[in-house]
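Shared between the two complexes below is subunit A, which pairs with subunit B and subunit C, respectively.
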Partner chain A sequence: MNFTFRDKRISGILTILPANERSFLEDMKAFDFPEAKSLKLKLVMGFDKHRLATDGTCVSDLAVFGMRYLFDRGLLQPEAIDALILVTQSPDYIMPPTSSVIQGRLRLKQDMFCLDINQGCAGFVVGLLQAFLLLEQESIQRVVVINADVLSRRVSPKDKNSYPLIGDAAAITVVEKTSPGEPIHASLKMDGTRYDALMIPAGGFRLPSSPDTAILEAVGENNWRSKDHLAMNGTAVFNFVQTEVPPLIDELLLAAGLSRDAVDYFMFHQPNRFMLEKLADKMGVPYERMPNNIVEHFGNASGATIPTNVTFNLGRLLTERPLRLCFAGFGVGLTWAAMVMKVGPLAFCDTIDYAEEREPC
Partner chain B sequence: MTKLLEILTEIRPESSFSESHDFLDDGLLDSFDIVMLVSSLDKTFGISIEGIEIVPENFRNLEAIRALLRKHGVET
Partner chain C sequence: MDLFFQRAAEILEIEAIGEDTVLRDCEAWDSLTALSLVAMIDRDYKVSISADDLMRAMTVGDLHKLVVERQRKA
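And then the complex of A and B:
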């Protein structure tokens, strides 16, 4: 499905990272994994460090911290927010929506639209799509899209396929109406027949969490997780990405009438270095135009990974001048989505550390 | 020992690859091992195995890996 939007822009992006950092080599010691093999994996997969929320830190904590940072510095006015979209798979509660919790904690106006979207690694593009759709309304001038997850709390520390790469983060993207400029193009596809390739089996109404669902089960050599934990079919996900993403980008660029060379940077979701390098090879995109260091520095924080990629790698550039960026996210659902648009100069494009606040979530 | 066996043995020194017909079912290779194997094959033979070729069938035994390498013009 293709989308075109006009007269809209991103005006700023802020990434909020938990200060708590763990190293891959430390993690692997817990798996009784040969050190030489860990070092090779570190090199090939790009695993090095990851940021994890401490127990008790919720999505709304990271989001509220970031929003207050923007309010305190005059980078965003609370009364100017007409809609707040939260994209997360780790809400504070099953009900109410965490976007409402954030609205309440920030004392935002009542005359606004709050919405939670359950999406993962494609969640940055999905969130932007929803924001641009809302901006078609006369009553909505500015939308805040928050991508935030603390999924490390649902990943088994004994699952060596997932734990070393998981990260927690939040990102706030401010989107607003603007004067006419280059159109924004997006493409989105979904395939619910493969919903179980990435899932947390227990904890919803289909299979409520219980002492039974908390029992660790062997899933491969020296690898353990329970039904309460995130389960990923790594081979299926890898092949999904390699098969579906290149034609999606072709379709997007064709619809936009752009060549690959017309895109300054391909800012993709980053599951691991190896997967993204294979994707870049397949698409014929030079590695330097597809930054690939977020998992290495911070871990894979689901929908927050693309905005983290932008603030960490292009933060200074984007406050100075516009760049044409191609975003692509792919994951849970399964969902794969891409967008090409001019971004910048931005009012802010920063990465900050989260300092725990005493207010409970 | 062929170069391919050398690479496999470097990844899993404790495994006996020449005696297995199914590296995956026999537990000789896991998904991390396959990633490292592809990375080593790419570097050693100067090829780029495509992402869509990284499926279990292409790494099940020596003959399957050799067939994959032949597609990239490599004889071992």
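And then the complex of A and C:
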């Protein structure tokens, strides 16, 4: 389905990355995996370095750290926030919502709508969609969308198909009302019949975590995983992305009345470099206009990957001038969603490291 | 262009390499090795090799020729 929004904009984006950096090649050594093969994976997929949260760092820790950074520098006023949307699949608790935890830790006003959204790699676009819908209300002037995940804690350290490439990150996107300009267009599709292509089987109410769900099971190629761990059908997901994403972008640009050349950059979610190159080939977009270097620097951090892509690759540019960007995320659900809009000049578009300064919560 | 053979040897995981080395006879030949050759050629020679190109290339020499031809045209 297609969406159109008017008189709304992104005013700033901040990415927060755990300072702890790990190396793909080092991780693969721990699996007794032949180094020649690891080097090939690095060459083709771009796997190199990734950032992992340490010592039980939670989503609200990363989010609160980033929000305080913005408050301390006068880039965001606490009282100016009317809604707080948190998109995550690794909440602090099953209940209450982690958005409420963040609101409380920051002592934000009570006249505020807090909402958790359970979404993954499409979570940046889904979060923005929800923020724009809220901004239709008179009482809501400014929404903070936080995309944050610490999924490394739910990936089996003995699963070489997942562990060496996962990343943890948080991103804060401030969205607000603005004067009339170019409308924002979005397209979204969901297919719940494929809900099991990407899932953590245990830990909910269908299959509560127990000593049994923690038992590591052999899943082939000397990989081990328990039911408490994230499981992905890689081939199915790859085929899903290559089949569904290009027509979604066509549909979006048609609805927006824009040609591919009218888009300055295609800022897509990045599972690996290979997948992005194949997408770019299929869409006839030069690689320079579809950056694919986030996984090699930081790993795949689910919904935080698109904003990381923006702050890391376009940070300085976007504080100087506007660019027309096409975002696309695709993953769990299954969900695939895209948005095209003018972004910038932004008040801030930065990437910072999370330094441990946890407080009891 | 000696460097090309060195790089190919590394990816094919062989020590002795020449024009006549048959790609598919290498023990390390699999889809990942094939993609690695394509990625290396793209990164180091700015030449893009399609799946069809790769299918037609029998030897390391064939691949080398293709890279030289494409670079000349560019």
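Heads up, the rule we're going with is that the second predicted complex is superposed on the first by the 359 of 361 C-alpha atoms of A that agree within 3 Å, B and C clash if a C-alpha of one lies under 4 Å from a C-alpha of the other, contacts with A are read in each partner's own complex, and residues count from 1 in each chain.
The criterion applied here is as follows: contacts are C-beta pairs under 8 Å (C-beta built on N, C-alpha and C of every residue); 3 or more make two chains touch, one makes a residue touch a chain.
Keep in mind that what you see is a predicted model, and the values were worked out from it rather than measured.
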Contacts of A:243 with subunit B and subunit C, given as first, second, both or neither: first
Which of subunit B and subunit C A:113 touches, first, second, both or neither: neither
Touching partner for A:40 - first (subunit B), second (subunit C), both, neither: both
Touching partner for A:279 - first (subunit B), second (subunit C), both, neither: first
Which superposed partner A:224 touches (first subunit B, second subunit C, both, neither): neither
Larger contact residue set on subunit A - subunit B or subunit C: B
Touching partner for A:235 - first (subunit B), second (subunit C), both, neither: first
On subunit A, the residue positions that both subunit B and subunit C contact, one per complex: 37, 40-41, 44, 274
Interfacial residue positions of subunit A with respect to subunit B in the complex: 37, 40-41, 44-45, 160-161, 220-221, 234-235, 238-239, 241-243, 274-275, 278-279, 281-282
Subunit A residues within the subunit C interface of the complex: 36-37, 40-41, 43-44, 274
List of subunit B residues in touch with subunit A within their complex: 11, 27, 30-32, 35-36, 38-39, 48, 50-52, 54-56
Subunit C - residues contacting subunit A, complex: 10-11, 13, 28, 32-33, 35-36, 38-40, 43
